[in-house]
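In what follows, subunit A forms one complex with subunit B and a second complex with subunit C.
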Partner chain A sequence: MAKMSKSPWVLHYDAASCNGCDIEVLACLTPVYDAERFGVINTGDPKHADIFLITGGINEQCKDVVKQLYDQMPNPKVVVAVGICACSGGVFKETYNILGGADQVVPVDVYVPGCAARPESIIDGIVKAIGILDEKKAALKEGRLDEYEAAHCKKKQQEVEA
Partner chain B sequence: MTIFSWQFALGYLILAPFIGGFMTGLDRKISARMQGRVGPSLLQPFYDVSKLMQKETKIVNHLQQFMVSSFVIFVAFTGALFFFGGDLLLVFFSLTLAGIFYVLTASCANAPYSSLAAQRELLQMMAYEPMVLLAAIGFYLATGSFAVKDIAAADMSGIVMLPGFFLGFLFILAIKLRKSPFDLSTGQHAHQELVQGLNSDLSGFVMGLVEIAHWYENVFLFGVVGLFILNSHVWSIPVALVVCFLVYFLAILVDNVSARVKWKLLFTSAWIVTACTGVVNLLVVSLLHLAK
Partner chain C sequence: MSTRSIVPFGPQHPVLPEPIHLDLVIEDEKIVEAIPSIGFVHRGLESLVNKREFTEYVYVAERICGICSFLHGASYCDAVERVMQIELPGRAKYLRTIWAEMSRIHSHLLWLGLLADAFGFESLFMQAWRIREKVLDMLEASTGGRCIFSVNCVGGVLKDMDASMLKGFVQELDKMEIQVRAMEKTFLSDATVNNRLRGVGILTKQQAHELGATGPFMRASGINRDTRKLGYYAYGDLEFEPIISNDCDSYARCEVRIREIYQSFDLIRQAVAKIPDGDIAVPVKGNPDGESFVRVEQPRGEAVYYLKADGTKFIDRFRVRTPTFANIPAMLETLKGCDYADVPIMVLTIDPCISCTER
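Let's look at the complex of A and B:
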């Protein structure tokens, strides 16, 4: 059986983005970067997706949508926050309507900073996500996915604190 | 001389998923080159299905598994019967039955996008079905038999008597291959207006099965294209293969240069083309028979 990482299908959701990062995400699929070389498909269906790509900060209106999309994705799945707004809320962090980054509602595996994030760094983030996807697949096979995710979250938190 | 036999049918059952997957890979590669991209590897469809099979399967309604299995079984049966050399009418009826199972897969999910796609798929079937049945009748008039074995063993290629039928069949082939401008109910390309149409609520293993069924279906459809060319001479086999490849290339080209049409245009154009090609050709062949 081929590795899951050979066919990463991406679900792209624009939470409360200014569209800067969204345009860069789409740029990854143009002839210049051609992410489809690596089997990446930008799918519109959460039930087919492996990688959940979120751009923009989270607000009260899109909070439930992000949760819903995450829940609809079958395991194993990886979440990538693209752009500084999805990472932490960015310049909107202190505003009354923004809750913060994507990690306020769903567990984020990879953070791609930048305003807007460059296509190169987005592809780099997806490559990291693909590695995690394979690890999660192995964990799922051994029936210790929850364990893996808890350990992974803890590690991320320590990194952020450091 | 005919190649249609039980060995050929068995070969189809075993090899069609590989040939179909390879064809899909070729499609994605050629499409990418047309758009100035490098494109994925030729084996990409196999990686995709292998991944889908390894993923968790979220079942919306347990009836889905039954419907999808029936879809795969009847598509494979359709192709096997065709390559065995069986009755063309039975082959086409079995294909319709498989199509209905696919529609039921989507409609039993009880979700808005799937339901809408199921209705569109029924409409597409209504649009292409007359041409499919006419093709069977055309073959009968040209060769005097509905059996694929006899049609392929005729002295003259079917296309000589049935050029209109061939053109009409090419038109509906675009609908059957789910390619632009007729990818209304579902398609390979992401960001469909209906999410993923018929496949919206399928995931994991079940979705992988649907992909394999499509591969079986595509190989069978090109078998029908080849049947227009085949005759009792051995050299007609390579010619049929070349024609199949050219037709596939044409379908990919049309897919890349056209946008999706609305259902009314799909429906009326399919019936008008059927009338202008299939029916006119049918009248001419019938008159020739009367003159004899």
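Let's look at the complex of A and C:
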């Protein structure tokens, strides 16, 4: 497990999800799983957020909303695709209205599988995202965030190809 | 005279777990009109009936919505069973009833939490969700899933619950009831909650009738109608009366939903006492050919399913009219004249499920 250097604030947006992953994202923060006790707060404001949780696939209408929310978030920022729909389109992939996963519009750093994604795996994804957030923060300080993102992108592509 | 301005509300808003967009026309702090636009979660999954076999489509039907998933799956199966004239075994009917009522408890507790969150009562929100986790544990123990259960199939159900499990559930529900009763005091008697809910968002009986409201939203306006009274699944054998209130405001909607949780506890107890032994599913042969309509009472109100099959393994047309879709016109009516600060409460008191609405 990555060392927690800060308590991340998360922004959650339901792109075109069935609600299953959304209520599991909330269940992460409420009793039993209770990530809020570590200071993880679900904020409604993109300008306060470190981690962007996207649930559901992307359709024509929510495409711009997701893009806008991502652009409004300050650097460094990490995007987590929660659930199989956000990863690839999932069960709705073949419908006429779904363009695909969240990576169609914004760069995704962590993919959390599952239908609906279980709170344990979502928390796992957030923990992974904190590690990436730290790396990005260090890169930003040294003024090489673009470089880092490009290398990160390439690495992910190689993983996909392999 | 004050000037009018338009404030956009949503699609991304701190109080909304789901995207709906309202253009609020306001004069000072009062809402004059609300213009909705939907379609942010439209996936077009009704079209998938042409790509998935009718026995497989039940898994897609469940994913219409993650909160009312059980009833969507069960109702789709019900629609196919009616076309194919399959009579369900008694035990399957009872099992569906028990799971449907558990889903209702989980959905209403979820809603109570979100309502508390909307008026800024964080600890109450956490309390409601803490109790809800108990139902999710039961659903997980019996079906294997927390949101999507995948336990229905055409001709019955896939999993059985044995006697010891059912007994354990009833004991667990008794414990839960004590917790809900403790929480109810805060929702119904606390002064701060009362101030936010009493007299807010009036929907008269006449308006509810004319605008076609449904579910707890309608019953809180004094209309006595509950689709469960049709007696589908095992509801015909169980004793219950629809819960209504004549206050017509947000407080009444909260009260109706809390009392419906107790009703669901009671229905599960009755069902567990009466459940017959036997098979949980019947084998299905051939393909469906014909049309059917199914009406069920979901946690949010009455849902109508239409299914048309043409004798092939793919269904020709499947259509769902969901309760939130019926409730939106009535919600817009309650928004008129309310304070800007009350908009989140107004939007939440219909218990919006946008994923259902837009599919």
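Here, the second predicted complex is superposed on the first by the 157 of 162 C-alpha atoms of A that agree within 3 Å, B and C clash if a C-alpha of one lies under 4 Å from a C-alpha of the other, contacts with A are read in each partner's own complex, and residues count from 1 in each chain.
Simple rule for what comes next: a contact is a pair of C-beta atoms (placed from the backbone, for glycine too) under 8 Å apart; a residue touches a chain by one contact, two chains touch by 3 or more.
On a predicted model such as this, the values are computed, not experimentally measured, just so you know.
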Check your understanding: Should A:31 be classified as contacting the first partner (subunit B), the second (subunit C), both, or neither?
Key -> both
Exercise for review: Please indicate which partner A:129 is in contact with in the superposed arrangement: first for subunit B, second for subunit C, both, or neither.
Suggested key: neither
Check your understanding: Which of the two partners, first being subunit B and second being subunit C, lies in contact with A:54: first, second, both, or neither?
Key -> neither
Check your understanding: Once the shared chain is lined up, is A:69 touching subunit B (first), subunit C (second), both, or neither of them?
Key -> second
Practice item. Check the residue A:137 against both partner chains and state whether it touches subunit B (first), subunit C (second), both, or neither. Key: first
Exercise for review: Answer with first, second, both or neither: which of subunit B and subunit C does A:105 touch in the superposed model?
Suggested key: neither
Point to revise | Touched partner set for A:45, first subunit B, second subunit C, both or neither | key: both
Review point. Which partner, subunit B or subunit C, touches the larger number of subunit A residues?
Key: C
Check your understanding: Where on subunit A do the contacts from subunit B and from subunit C line up?
Key -> 31, 43-45
Exercise for review: Using the touch rule from the top, collect the residues of subunit C that touch subunit A in their complex.
Suggested key: 11-15, 17-19, 39-45, 47-48, 51, 59-60, 63-67, 69, 110, 113, 125-126, 129-130, 133, 136, 145-148, 353-355
**Study point:** Of all residues in subunit A, those that touch subunit C in their complex
**Key:** 12-24, 26-27, 30-32, 43-46, 56-57, 59, 61-62, 65, 69, 91-92, 94-98, 115-116, 118
Revision key, fill the gap. Residue set of subunit B touching subunit A in the complex reads 28, 32, 35-41, 44, 46-48, 50-58, 190-192, 195-196, 199-204, 207
Check your understanding: In the complex of these two chains, what residues of subunit A are touching subunit B?
Key -> 1-2, 4, 6-7, 9, 31, 34, 36-39, 41-45, 47-48, 50, 72, 74-76, 137, 140
